[in-house]
Amino acid sequence: MYCVKVEKVVRHNKDTATLIFDSILPSYPGQFVMLNLFGYEEIPLSLSSPRSITVKAVGETTKALVNVNPGAIVGIKGPSGNPFTPTDTKALLVAGGIGIAPLLYLHDYLIAEGANVHVLYGARTADELVCLERLKSYEVATDDGSKGFYGSVVELAELKPLRKYERIYACGPEPMLRAFHRLLKERRLLDKAEFSLERLMRCGMGVCGSCVLPEGFRVCVEGPVFNAAKLEW
Amino acid sequence: MYCVKVEKVVRHNKDTATLIFDSILPSYPGQFVMLNLFGYEEIPLSLSSPRSITVKAVGETTKALVNVNPGAIVGIKGPSGNPFTPTDTKALLVAGGIGIAPLLYLHDYLIAEGANVHVLYGARTADELVCLERLKSYEVATDDGSKGFYGSVVELAELKPLRKYERIYACGPEPMLRAFHRLLKERRLLDKAEFSLERLMRCGMGVCGSCVLPEGFRVCVEGPVFNAAKLEW
Amino acid sequence: MLEVELCSLKMKNPMMLASGILGSHASSLIRISKHAGAVVAKSVGLEAREGYKNPVVINYAHGLINAVGLSSPGARAFAEKLNSFKTEGRCPLIVSVFASTPEEFASLTSFFPMADAFELNLSCPHAENAGMAVGSNPELVREIVAEVKRSTEKPVFAKLSPNVLDIVEIGKAAEEGGVDAVVAVNTVRGMSIDITSRKPKLSNISGGVSGEAIKPIALKCVWDLYKELEIPVIGVGGITTWKDVVEFILAGATAVQIGSALFYSYRMLYSLMESLRAYTRQTGESLAELVGKAHE
Amino acid sequence: MLEVELCSLKMKNPMMLASGILGSHASSLIRISKHAGAVVAKSVGLEAREGYKNPVVINYAHGLINAVGLSSPGARAFAEKLNSFKTEGRCPLIVSVFASTPEEFASLTSFFPMADAFELNLSCPHAENAGMAVGSNPELVREIVAEVKRSTEKPVFAKLSPNVLDIVEIGKAAEEGGVDAVVAVNTVRGMSIDITSRKPKLSNISGGVSGEAIKPIALKCVWDLYKELEIPVIGVGGITTWKDVVEFILAGATAVQIGSALFYSYRMLYSLMESLRAYTRQTGESLAELVGKAHE
C-alpha cells in the first residue's frame, strides 16, 4: 500500500464525484485500485483515468469518498487486474450507471490509439448521467425517458448494428450485463465483447477467494475484465 | 549457501592439497569462500583459482578437507570479500606458507591482464612449497635452506629493488606480514602494497564482528585484502 | 514418485491448498484440485460470521499479513456451496472448522458429508474465542480433538499455531486426544503501520504473517513436531518453490500446504508439481522416501 | 530533531546498534558509535563460552538465521576489551549480559564501569540455561530484574523474546521488577535445511531469525508493549530503512535497535540518520513527538 493525495474533487451530481489524485498511477483502462479511505473501508474502484476514480455513493465508504475534501490522503493498492484489450478500429462502449467509470478511461485511451469510439450510456434518470462532456460520440438512454432513448441501454443497443464494431466493451450492474450478454449471444458476437465485472472483494490480490466466480476465475486477478464468451451466463 | 562438487583433488604434499570444483565460482583474486565440509566446520578459504581452493591441514576441518574424496559435496557461501586491485604493469607477489593460495589465483589473473609478475615464496622447508609449476617467474626461500634462499621470504625481499614494482601483494602468517610491513614502511612503499589477512571468522558476512581488526575493519567485508597503508602496524 | 498416502487419504502429490486461500467457493477449490494432492476449504464455524472490515490482507516484500477474521457463511450455507466439489473435485476435500468449545467443534462435522477429512483450526491468531484463543491451551486441545474424533470416522487434523512457547506441547496434547495428523503452522502474529496516514494498515490493527518470511519459523516447528510425535506432520508456511517443498519433507513433513504463494499464480501448484517430478526423476527417490531424512 | 532521551541516556538519534552485531570488539563499536544514538555490546556472561561451531549464521532472501550460541570471552576479558570505548566512543555504551540466575545476572554489572546502561538478555532462543530459557518465566524475570537493579544505579533494559504466548506478560513482570525499559524483540526461532546435503544449515540445527522477515512480528510486540506498559519500549527486528524506523516509533518505540541491516553496509546508520533528518525537516516534527502516534 502507498498513499496518494486527492488533489481535486469534481462533483457531478448529489451522489457521484470524480476524485483526481496528485499523481498518475501507471495503469491500463479497466484496471482497478483498492482504495482505503482511512477510518472507513478499503474498497475496489476502477480508474476513470490514470489519475482519477469516479465514484457513486451507495454506502458508508462511497458516501464519505464523494464528500471528501481536496488534500485528503488515501491509501492505494494496485492498480491491478486484467485491463481491457485495446483496439485501434471501431469500438462500442456500453455503460450502465456508474459502470461508465472504467469506460471513461478506456474511451480516452482508445481515441488516443486512433480508434473510432461510440458510447451507449444508460442510467435511471438524466441526472445520473455523468461526464458526458468527456465523450466524443455517444447516445444515452434513461429508464424514465428524461433524456435520450426511453428505456434501458440494452434495449438501445438492440437497435444498433452491433456487428459493425470490431470490439464491444461493457460495464454496469450485473442484470444489465446479463441482458446484454443474451443479446450478444443471439447475435453471435460474444467473442468480440469484454465485460468488466464486480464482486465483493476482500484482499484484492488473489488470495482470499471472496471474488471468485462460478467459472473459477477471480475478479481481482483474472478480471475484472473478462471476455464475454468465457462467462457461462 | 549452495553446494558444489569436488571434481578433483591434487595432493601437493602430506598436508596440502588443491580441491577443484565442478563449476567456476564467479570471483576476483583475493576473494574467499566460507566452505562447509558437512559434519565438520564451516571455514574461510581463499580461492586459489576461480574453481579451486588450496588448503593446508592445520586442524580437524582442514585435515578432513585435504583427505576428501573426489565427488564430495561441500557447501559454499560467497565468494565474498574485497579482492586485490589488479594491475597490468609490474607486480611483485610475496607469499609465506599457505599464503600462496590467493596469490596463485592473482598470479594467473595478472598474467592474463598482461602484467609482468614476479613471485617471492617462502616456506619452512622445500617440501612445503606447492604449485611452483604454476608460477612463471619466482624465487623461493626456506627457513632451513633446503631450497632457494636460506632465510625468510621477508629477508629475501629485503635484497630486492622493491621500488621497481608498481604493485606489491602479500599473503602469509601475520608475523611475516608484520615484518614485511616494517620493511615497506622503511622504504615508503606501503601505498603500493596490498595484504590479505586472516582472522577467526564466524559469520563471514559482516554481522557477527568476530573478524574485526583494531582499526575497526571487518576482514570478511572490508578485507581480507587491505591496502597496507591502512593497517596501523 | 510424488504420490503420498496421508491418514488413508490418497494424494497424487504432497501439496495441499492451505485453508483460507481461495477456499470460500467450490469453483476455485475445484479448479485448484486439478493439480493439488488435497484442498482445504476456508475455515467455517457454526454461524455466519462477517469477519473484519477491509483492509483484511496486505502484502509486503516478504509475505502477506491478514486479518480476515474467520469470515464465513456458517456451516449450513457453506456445506451447500461445497456440494458441487463432490462430483467435480479432483482430489480429497478437507473441511477446516473453527469453534469455541469441544462440543461446538464436534457438532460441525455432521454438516459436511462431502468432506474426506477435517482440519481443526486451533491457531488463527486474530479471532476472539476461536483459533489460538482455544488452541494454546493443551487441556482444551486434547478435549476438542477427542470430542471431534467421537463425532466422525474421518481423519482429523489439528492445525497449530507458532505463537506459543512450545508447539510440541500442543502437538502432543492433540496426539493424546487422538488426532490423526498435525498441521504446522498457521500465521505468525504481526502488523504493519502506514507511515503517511500513521495508522495500522489492517482494519483489525494486527493480523497473521504468512508467506516466505515465515518459512524458517514454520520449518523449525515441523522439525520439532516430527521429532517428538508419532503421527504425521503436515508442513505449511512460506512454501513458494519446489525446493521449499523438499525442505519441509526433509524436515519431517509427510505433506505440505501452500497458501500465500497462490498470490503469484493460480498455476502455482501445477508448476511446483512439474518441478518436483523433475527432481524425483533426477534423484530416483520418491518424495515419500524423503520424509524426515534431514534428521538422520 | 532526531535527539532522544531514553532513561536519562542522551542519544543523538534513536538508533542503537543491536547486541551481537559487530559488538565483540571495541574497535567496531567505536566506529559505529559515530552515527549511533547508542551501541549495545555483544552479550557477555560470567565465564568464557565458545558458542556453537560454524556455520553459525546463514542468510536467506528475507533475513538471517543465527545460532552463535552466546560465544563470549567472559566478563573480565570482555570488560578489558571494552575499556577503550570510554575514551574513543561517541555515544552511550550499553552492555548486554546473560546468565542463568538472578544472582549471576547481578554479579555481572560490577565488571563494567564503562557501561552507561545494561541490557538483560532474557531472550536468546538458542542457548541452554540462558536467554529465553530464563526469560520466558515471568516470576524469574521479575526476580532477575529486581536483583540486577539492586546491583547498579544505571538504567537496566530487559530484552524480550517474541517466542512466547504473551510477550506483554513478560514485559509486565520486568516492569514490576523495576526495569527501566523493555527491548522487543530478540530473534524468532527458525531453521533452514540444505536440500543437496539434506542437513540443517546451522551447526546447532536451529537458530534465531532476524532481519526484514521478522519486522511485522517485532512491530506487533512493540505495539502491544507500548499499550500495556508505562516504561519506554525499544523496538528491534528487521529495521532496514528509515521508514522502518518511523514505523516502529509510531508503534510506540522511544528508540530502536538495528542489527542485521548492518549486513548491507557498515554505513547503514549514517545513511538512515541522513534520511531521518530529511524526513523530520519535511514534516517539521521531531522524532520524539511521534512516539506511539499510530495509537491515536
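All chains are identified by letter, namely A, B, C and D, in their written order; residue positions are counted from 1 within each chain.
What we mean here is this: contacts are C-beta pairs under 8 Å (C-beta built on N, C-alpha and C of every residue); 3 or more make two chains touch, one makes a residue touch a chain.
No experiment lies behind these values; they were computed from the predicted model shown.
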Intersection of contact partners for chain A and chain B: none
Mean-CA-position distance for chain C and chain B (Å): 51
Rounded Å distance between chain A and chain C, as computed from the means of their C-alpha atoms: 37
Centre-of-Cα separation between chain D and chain C, whole angstrom: 33
Contacts with 2+ other chains: residues of chain D: 199
Residues within chain A bordering two or more other chains: none
Category of the chain touch graph - line, ring, star, complete, other: line
Every chain pair meeting the contact rule: A-C, B-D, C-D
Residue ranges of chain D in contact with chain C within the complex: 60-63, 65, 136, 163-165, 188-193, 195, 198-200, 205-206, 209, 212-217, 219-220, 223, 243, 246-247, 250-251, 290, 293-294, 296
Chain A contact footprint on chain C (complex, rising order): 20-25, 27-28, 30-31, 42, 51, 53-59, 64, 66, 68, 71, 194, 196-197, 199, 201, 203, 259-260, 262-263, 266
Chain A residues touching chain C - in the complex, by the definition given at the top: 1-3, 34, 36, 38, 41-43, 73, 75, 77, 201-210, 212-216, 218, 221-222
